[in-house]
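Please find one structure pasted underneath; my questions will follow.
Naming follows writing order (A, B and C), and every chain is counted from residue 1.
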Amino acid sequence: MSALLEVQDVTVRFGGLTALDNVSADITDGEVVGIIGPNGAGKTTLFNVICGFNRPDTGTLRWQGNALQRHQPRQLAGLGIARTLQGLGLFPHLSVLENVMVGATKHARAWIGSALLALPRGDRDEQQLRKRALEVLSELDVADIADRLPGQLPYGVQKRVALARALVADPKLLLLDEPASGLSNDEMRELADLLRVLKKDVSVLLVEHHMDLVMDVCDRIVVLDFGRVIAAGTPAEVRDDPRVLEAYLGEEVTDADG
Amino acid sequence: MADELESPAGALIAPTSASSTDRFGVLSRSTLLRHTLAALVGFGVLWLLITSFSDYRNSSWIAPIAFTVCAAAGLTVLVGLSGQISLGHGAFMLVGAYTLALVQEHWTTSHGNLAMIGLLAAAAAGAALFGALVGVAAARLRGPYLAGATLALALGLPTLPSYEKLSGKLGGNAGLFVSSPNPPNGMDLYRWQSVICCASAVVVLWVLANVSRSRVGRSFRAVRDDEIAASLCGLSVPRVQVLAFVLSAAGAGVAGGLLAMIDLTAGPQAFPLSLSFGLLAAVVFGGLGSLAGAIYGSILITLLPLWSQDITDALSVHSHKVSSNMPLMVYGIVLTVAMLAVPNGIQGLLRSLRLTLAPGRRR
Amino acid sequence: MFRFLNLTLNGLTNGMIYAAVALALVMIWRATRIVNFAQGGMLMFTTFIAWDLAQVHHANYWVALVVAVVAGILIGGVAERVLVRPVENGPPLNAVIVTLGLLIFLQALAGMIWGNSQAHSYPPAFRFIGYKVGDRTLRFSPNDLFIVLSVLVVVIALYVLFQRTSLGLQMRATAFNPEVAGLLGVRVGRLLTLGWALAAGLGALVGVLVAGTSSGYVTPVGPFDALLIYGFTAAVIGGLDSPGGAVVGGVVLGLILSYADSYISNFIQTMYALVVLIAVLMIRPKGIFSRTSERRV
């Protein structure tokens, strides 16, 4: 099976700092791939390169076999890539429903003309988006808070809303940047269950510090340290790799259980 | 009307629960019907108001309020919804006024109603085009940079007609002549001007209310709240920002065109910095992002100069210095106090009042 | 050639004035990440105070100047404490609107006290008449020399304050990272107030200098608005964050305006500033972007 997304020999430098150093990784349909590594290892930077926020100094990206060059973040939704941000990145003054409806932008058909003149076409379009958004919200069990503002909700619920906003675009690939940070143990278990359900429809690239979760749901894991891939393989292989232990020594191992 | 046109940031959730759908029936499903009805009712009320005054002098404030609303409504969409600031919205009014004057001078032969509508559309289009230009630059600027650049624009643009190479075409400091619209039989010019201005304001509000309620309005607010998240949702941040500038400038262009039509000139003197400041005060006073607020705010800043004489007389300060500076002083106080104490303006106050009085209703 | 020399001299003098305004804006920007749109209004108001003393009450030039600077320091400090502190960490929009509100308030207040109808002239510190080279008169007078030297002295004094004193170190630390500075025992709030006060004092000096030039006059609205735009443009040329850049930006802008004024048209000075401002912002918006857009994903 050919890869959905391939990252080949990507290097990113910020001034003197090499955030990614010849990193290669790939993900195929229906896979959950974990990206782990200590703070500052370059995980978010890898996501930023995939999303087009940072350009790689060298190396290439391929999406479904085609090279991704000079792509803009706003084109991702159309390609079938969605991402949640480290932290929340919700629109604070938009209701939960509206947040998710913005996420469904790529499904919208009517645009400026219908908006200016309030044509029925625009209303129908809105109805569609609202329905779609509510569906995703109910799938994630948060449809009851559709009218609330994100700031009024507990952190765990906000994270779900962020996930809903990414999922509503029907992505083929979901990039999750620390989806479990700030969650309680219960919520984290729910997240793990959810990810297992999701992987039937969508591939997931998961950046996460909570080893339990990563080991539990990932098919494969890539370990970054100082921008370099120091190990890659199944959870079992990675767990026993001495280089990984070394990279994490005295750091995440202790609080990996959350 | 105010309530229907209201589209404050964050309160745009169309009814999702069954009960509210029942309550409004077909109206809740068709934005077109709802807004058009509100616009017709609004215009009807205004028509009655205009025709009921026995003497035009008693109603001379209606036209200025109405064209101020056009500009303020555009500004509140720009600042409140799309999160871009313009300290120089008077510049777009100026472009609208000059567009109208130039088009009238070079291309129109008739003074009929159709020609007048065409002229106002040209004013809107001219300002919108200029807004697109400014918007493209503005999309790369943030916060204080944009504020400074728009301030410079409002200060610089009115000097252009004096520039030797342009003064021939733009009439120098005196400006260009604009001929007055022809009132229909049985109506005096002042009433007719009020009718034109009110109709234009209703149309501008109608369009902007449509936009605010639509996906476009939502993308404005999304971009305002978080540009990075918005781009990940598939929105082109610059495009959305330019669009906001274009719409906002079009509103201001209509306002400038109307002003020129009433003054019978398009000249630089009509667009001082204090005009731009007044517009900003109006939208901040009314509540950023709220079209209803833009209406209250426009009423305030238009009537202030008329009231200030009375206020100073009431305070027994019989000084022209004081009374003539009273409006400016109020703008300044409104801007600072509103930001420090009531950041959501009148419309925000009303909303929280409604919330306290009728708890349980949607936000 | 002689004309060019004169334009250059004139540009330098004006440039020093713009540099000083820019410097005041930069000091406030570094301290609080706010562009002080009230700068023009603050210096207009203090200049009116000085004018009132000098022209109406016949006070000595230097006494009026000192009073203006002290008044500026007070206005700046109070403005920071009362108006700016609450919006310091809020959205940039709020800070812009508050400082603009202060600008408008001061313009209105000055109008109420001193009236808008008259443009008052202000006595110069020294002679207006330019130095002579042979039988030709330079467009550079003892008064201009005084302006250039005053700004230079202030710039050097500020440099020493920032780079060589512990107070300056604390101010730089606060500008760089207020949280860390606070943890290190720096009294951040006071330093921010001091930053605003110093900047406003500098502004007050500029106001009196400008009013005393041959083309200067005192009125509530008008020349001081333009001065704000010139100062802002100069500060942006320099990157808004750099005091040295502000001075260079001021001089560059002064020269550009002086040449354009003479070679193109002297009706549209503010347009030149606008063009320069937009050009700079378009060519290198990266170096001068606000913090929010630098946010890493």
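Simple rule for what comes next: a contact is a pair of C-beta atoms (placed from the backbone, for glycine too) under 8 Å apart; a residue touches a chain by one contact, two chains touch by 3 or more.
As the structure is a computational prediction, the values presented were derived from the model and not from experiment.
In this assembly, A is the chain whose CA centroid lies farthest from the centroid of chain B. Ranked by how close its mean Cα position lies to the mean of all protein Cα atoms, the top chain is B.
Note: centroid distance chain B to chain C, computed from Cα atoms, is 33 Å.
One finds 48 Å separating the Cα centroids of chain A and chain C.
Taking the mean of the C-alpha atoms as each chain's centre, chain A and chain B sit 41 Å apart.
Residue positions of chain C with contacts to 2 or more other chains are 297. Residues of chain A in contact with at least two other chains: 51, 53, 85. Within chain B, the positions touching two or more other chains are listed as 228.
The touching residues of chain B, counted against chain A in their complex, run 9-10, 12-14, 16, 29-32, 35-36, 207, 210-211, 213-219, 221-222, 224-226, 228-237, 243, 362-363.
Contact residues on chain A toward chain B in their complex (touch as defined above): 51, 53, 72-78, 82-83, 85, 89-95, 97-98, 101-103, 105-106, 108, 110-112, 114-120, 122-123, 125-126, 129-130, 134, 146-147, 149, 165, 169.
Contact residues of chain C toward chain B in the complex are 34-35, 37, 83, 86-87, 92-98, 100-109, 111-116, 220-221, 225-226, 228-229, 232-233, 236, 265, 267-271, 273-274, 277-278, 281-282, 285, 288-290, 292-293, 295, 297.
Note for the complex: chain B touches chain C at residues 79, 83, 85, 87, 137, 140-145, 147-149, 151-153, 155-157, 159-160, 162-165, 227-228, 272-274, 277, 280-281, 284, 319, 321-322, 324-326, 328-329, 331-340, 343.
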